[in-house]
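Both complexes below contain chain A, partnered by chain B and then by chain C.
Now for the complex of A and B:
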């Protein structure tokens, strides 16, 4: 029999502050975004040719995904998932369009559509909290319900050609060079970010993701917090549905189907642990642009959408590998090195480390 | 199913014993070989030695630099109090835990990276405290799992020969049952003997018994000891874990005493008596036997917590007690007696069937943890890892997690500076030792984690606090500090409920102790009545007062 020497515990202690790891990832994603923009700007003439307003306008292609990702992130922070968001976006657009076609004021129709989406989220939340059914199963089911209701309400030829004021404000309009949708997204993203990072609600939400039982013993109302996350997730998917309908100036019952997986991808790329707890909302917001610019840039560069999708997949996997590496020892060492360099550069008088 | 078990054999080297079955294994390991079909044959055990074994969990050292050697033909007992490190030691030696440092030597061979499977493969077996048989499988299947014998066709299973051998092994351990019987039909004692037989089937020569007698009656334990005695006569190397000294003295050849994770004594049976062992086991406790605070005078103190006829079936029924301002009331009882369940029901985690809870005279209805905390009633849970800490979260947020709704805010936003100050004051008060408030709480020692948990609840300005096993998983040095802290909080007027399995804790901290047995309060002791001698019989339900 072979003899294996007992190895003493040589493994170094893991990084002892989570905050630093998470900040590192947000910085990493931001650096990647800047690098990507730089690459496209200098290496792809067509991209540069768009000019500032053209590049800003690209965001209109992926902000729907971003809105869904914001809501999805809330649910994922708590350790759950919502697969019905894409269908919810379709439903919200269809409800709005159908009500408008029936003669309702378009803005009232928007409000009703958003209420419907919040209610849809509440249904998800109710099943998850009251009946204790796994959210993956619940939302897998409700996804089909929302989607078929959208088809039923929309009929054979869903409405299109909305009033100009609506299309302008919620769709393709701009303030100076900045698309209205980008402004809308920025406001919502800031609110969601503050909710998670600084509000009481978000504090409870994240703690639930880390340890649900301990949250309960600490007095966090787990049921209510989870329910709220699903309602907000549904609502944000509804907003995405309005944005997408405004942008295309049409509603379709399958318009949201392609938004779900990219949205989950964005959340993961943004550094949120798919099992809950760890992560930063700011990372998700940056990741919306990282993935969106990557996709749009590749299309402008002349790649097919097939290639773009493939590259996105590769980037996601590479990013996850990088993230794991950063979280582990290599990352700790790299960070220590950077800190030391940084400290020396900043305070040479102190004589360095 | 059976074939797939055989198919899980893994690397080819490990298939050797499977194919040869009970035939001799490796030559040169010091074992005599048996002949197939002839059943158990005498073996020669091997010396199994651990050197400077050290292990810590979540920063709390549970075993420190322990040297121990188990000799063939001997029953070597390891004794110590709860938490002394006995179980950790044998689990390391049986490959269940990996030591942080230290080495294991079997015979002349140094073992490294031991797993339960490779340990068994080398002839080391641990009979667990609770038998871990597969309940719905037959005894034969349980005995031969992992080494199912192939039949003549190579892809079938030779049940007949295995059954025959199973009978022989069962007879060897004094079990008169059919090998066809399902494990679930056996009593705990019988299952333990099956575990024993299983060790023999797997040709194990080093067998550890981890507190095997705690679920057994005296008679059943006697049977087990007879089996152990005959294994010793055959030259097996036997390790026996217990805190029952009479048993230990009756069957051991050699005794090692552990205390607080360190070895305090190792001696031959003939060199020790009960008094020596007791002194070794509790040595330190004898010095701190004094009560942490003077006599409690209840006169003029307000009744802070009043529990009346509280019931939550099936855990407990009709529990009534009260705690005054500044009083420490102990809740004693065996695990499963309903202590924790009472606390959880008071705190609104379990549902209440009937009964009332009043806080400072005011009834608390429809209790949830939130309403309890806000009313000034807090609960420090027993299972710190699962119900207390957020392991991957900074100390600061761990500490403020109980008072999120009350954090200082600007509009809807929590003020980070105010939160930090709050956490800093709270952790200073309980003297948490940590690098900074940004340190992940999992990096702290058990004692410091517990201090952080205490500071979480201090932030809620409680009037009543329930401490459930507050010193569990805490280094011994830190235990005293926790007693002192609880006593100090009581001095400041906090009404405390102190739940513990360790009688010595209750005797030194509590002003009054309620004893629970099978879901009911069966006795109450106060002041100088609180002694180990008085508590002991009540706890095991031997005496209703």
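Now for the complex of A and C:
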């Protein structure tokens, strides 16, 4: 965001303050994650008893949520939202399984499923960019449609018991102590992080969420960037669907339904502003593990899954209160700075490039 | 700005309630542009079509079923509409409904809880849970979609705890009789309650200071604040109303279904259906535009469309898709400059100023 200021006098301070806020939050989430791991490790014997490989294997329980969160974050960065990701994950798993049942090679089926999910994302993107409809509404509608299609494709008894090679690679296999899914997630997360934090595309994406008009004036192709975000979001949800199916060795038409809200929780916990334009992808990636470890740790501690879910909700609220408090403290500084800078130099600041 | 003293409620022309403002109500063409009228036409048209093809569709018991079936979504949807008008959203209505249903369901089946007491408890539960949402949104300042997402999980947990693995069954006949009684052939009691809620909400939004402020806040919270409207208090009120109505819907759920479980409310997708009814009824998620009458018609239309799909022997699994398609049609038709709006635009009026 430092690129949008107009004069040398205004370039640094406000942007730096906003950037510092975001960094503070990533650090906060990381500290929370470390503290949480420490707590579970030292206070919960069963958690310690898992050993390193066992703790790493826990990630298989929440990485598919993380994949959806990565895609969701892309869309939320741009100030939009995608409610259809959960249904999309179900659809992708079901399409893959159904094609495999029809005799198609499982890997080809995976490719087709991913193409289908990217196309589903494209449909969302088309409605949002071409017809200019609020993404919340579009994806609310398509969510219902995708989930119906998944039920229809799946039929009465959705397939299960996939080939060993598939279940091993995309599901429960490991390389040494490291689960394959964790490796896959790491690669994808790194790519998405690069895309947002280091690539021109990501800059444009976040700028769109920050100020759509300004991004257009600075030469960002808003329509194409947004469209791309929805396609990527659909694609990542599709990958999540494959991961889930591989992990459970079965496909179900409602398997993704429960993934949407935790994914949005992760994005918000990661410090991304729900209205777009602010946040860090690194925060989202850390938050995937924060929420996942919290959930799994509570389960191992002997809490019921419903307690774990409730605690997630409480943690979300507490983290947001903390974030609002941190932001406000920084916000006062920011406002003072803005006031001081712009009170004298309003004219040049008002005109666009 | 500090020179301006706080103004009373913005001076909307008294004779045009905000719900109808900008509708061009005078002309027949203007009437056609109103979503409520379009929906009413769609409801009657679909009814005529289905009855012509399947005479069984038009019998009074089927009409009663459609209306009764829409009552829950109508009531929750009206609450949702009020929240959405203030540019918020309430994702926690389904567990509020569920908690109300099971909290009165257990004492009702175990010790024959008085039906009026049950109603009161349901409303109070909705009131309390709505206050929770209101505090998070208006006092703490968490974005509504996130705050109610969090309470969705928290309240959902409460519902599970209250149930403790049991389900409510064997409701006293007082409840179920009420749930299935008709005031006239084809007009169930439930829809009378729904209509009453819609009427009260309409009066609230058009005739009270707070209600009108909801539109102002939804249109532009900043401007509303500068005009002296207590924005936070207004927002708080919208969530409390939504909670109370979700509680009422929980009572009706119990009376209508005759049982309740730890997933009541969530299993029927009450959240999204209530938002869908509001959208189809012409309320925009950007706040400040729409009203409860459209939502009520939207709920009836949804219920009728799903029933029509059954009579056309379309597999039940396509029900969600039907809802989704209706939402998309509604939002595309609502879009500024869409062909539908363009055709119905009254002449001699300059087009809305485009935002660059």
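Definition applied: the second predicted complex is superposed on the first by the 313 of 353 C-alpha atoms of A that agree within 3 Å, B and C clash if a C-alpha of one lies under 4 Å from a C-alpha of the other, contacts with A are read in each partner's own complex, and residues count from 1 in each chain.
Going forward, a residue touches a chain if its C-beta (ideal position, glycine included) is under 8 Å from a C-beta of that chain, and two chains touch if they have at least 3 such contacts.
Keep in mind that this is a model prediction, so the values were computed, not measured.
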Touched partner set for A:287, first chain B, second chain C, both or neither: neither
Partner chain in contact with A:199 - chain B first, chain C second, else both or neither: first
Touching partner for A:221 - first (chain B), second (chain C), both, neither: first
Touching partner for A:170 - first (chain B), second (chain C), both, neither: neither
First (chain B), second (chain C), both or neither touched by A:140: second
Partner chain(s) touched by A:263 [first = chain B, second = chain C, both, neither]: neither
Partner chain in contact with A:213 - chain B first, chain C second, else both or neither: both
Which of chain B and chain C A:233 touches, first, second, both or neither: neither
Where chain A meets both chain C and chain B, residue numbers: 213
Chain A residues touching chain B - in the complex, by the definition given at the top: 1, 3-9, 13, 16-20, 194, 198-200, 203-204, 207, 210-211, 213-221, 277-278
Sites on chain C touched by chain A in the complex: 136, 140-143, 145-147, 149-154, 156-158, 160-161, 272, 275-276, 279, 284-286, 315, 317-328, 331-332, 335, 338, 356
Contact set on chain A toward chain C in their complex: 81, 127, 131-134, 136-138, 140-145, 147-149, 151-152, 213, 261, 264-265, 268, 274-275, 306-307, 309-310, 312-314, 316-317, 320-321, 324
Chain A-facing residues of chain B, complex: 26, 99-104, 109-113, 122, 347, 349, 368-370, 372-374, 379, 381, 386-394, 397, 401-405, 407, 409, 412-414, 416, 435-436, 438-440, 443, 456
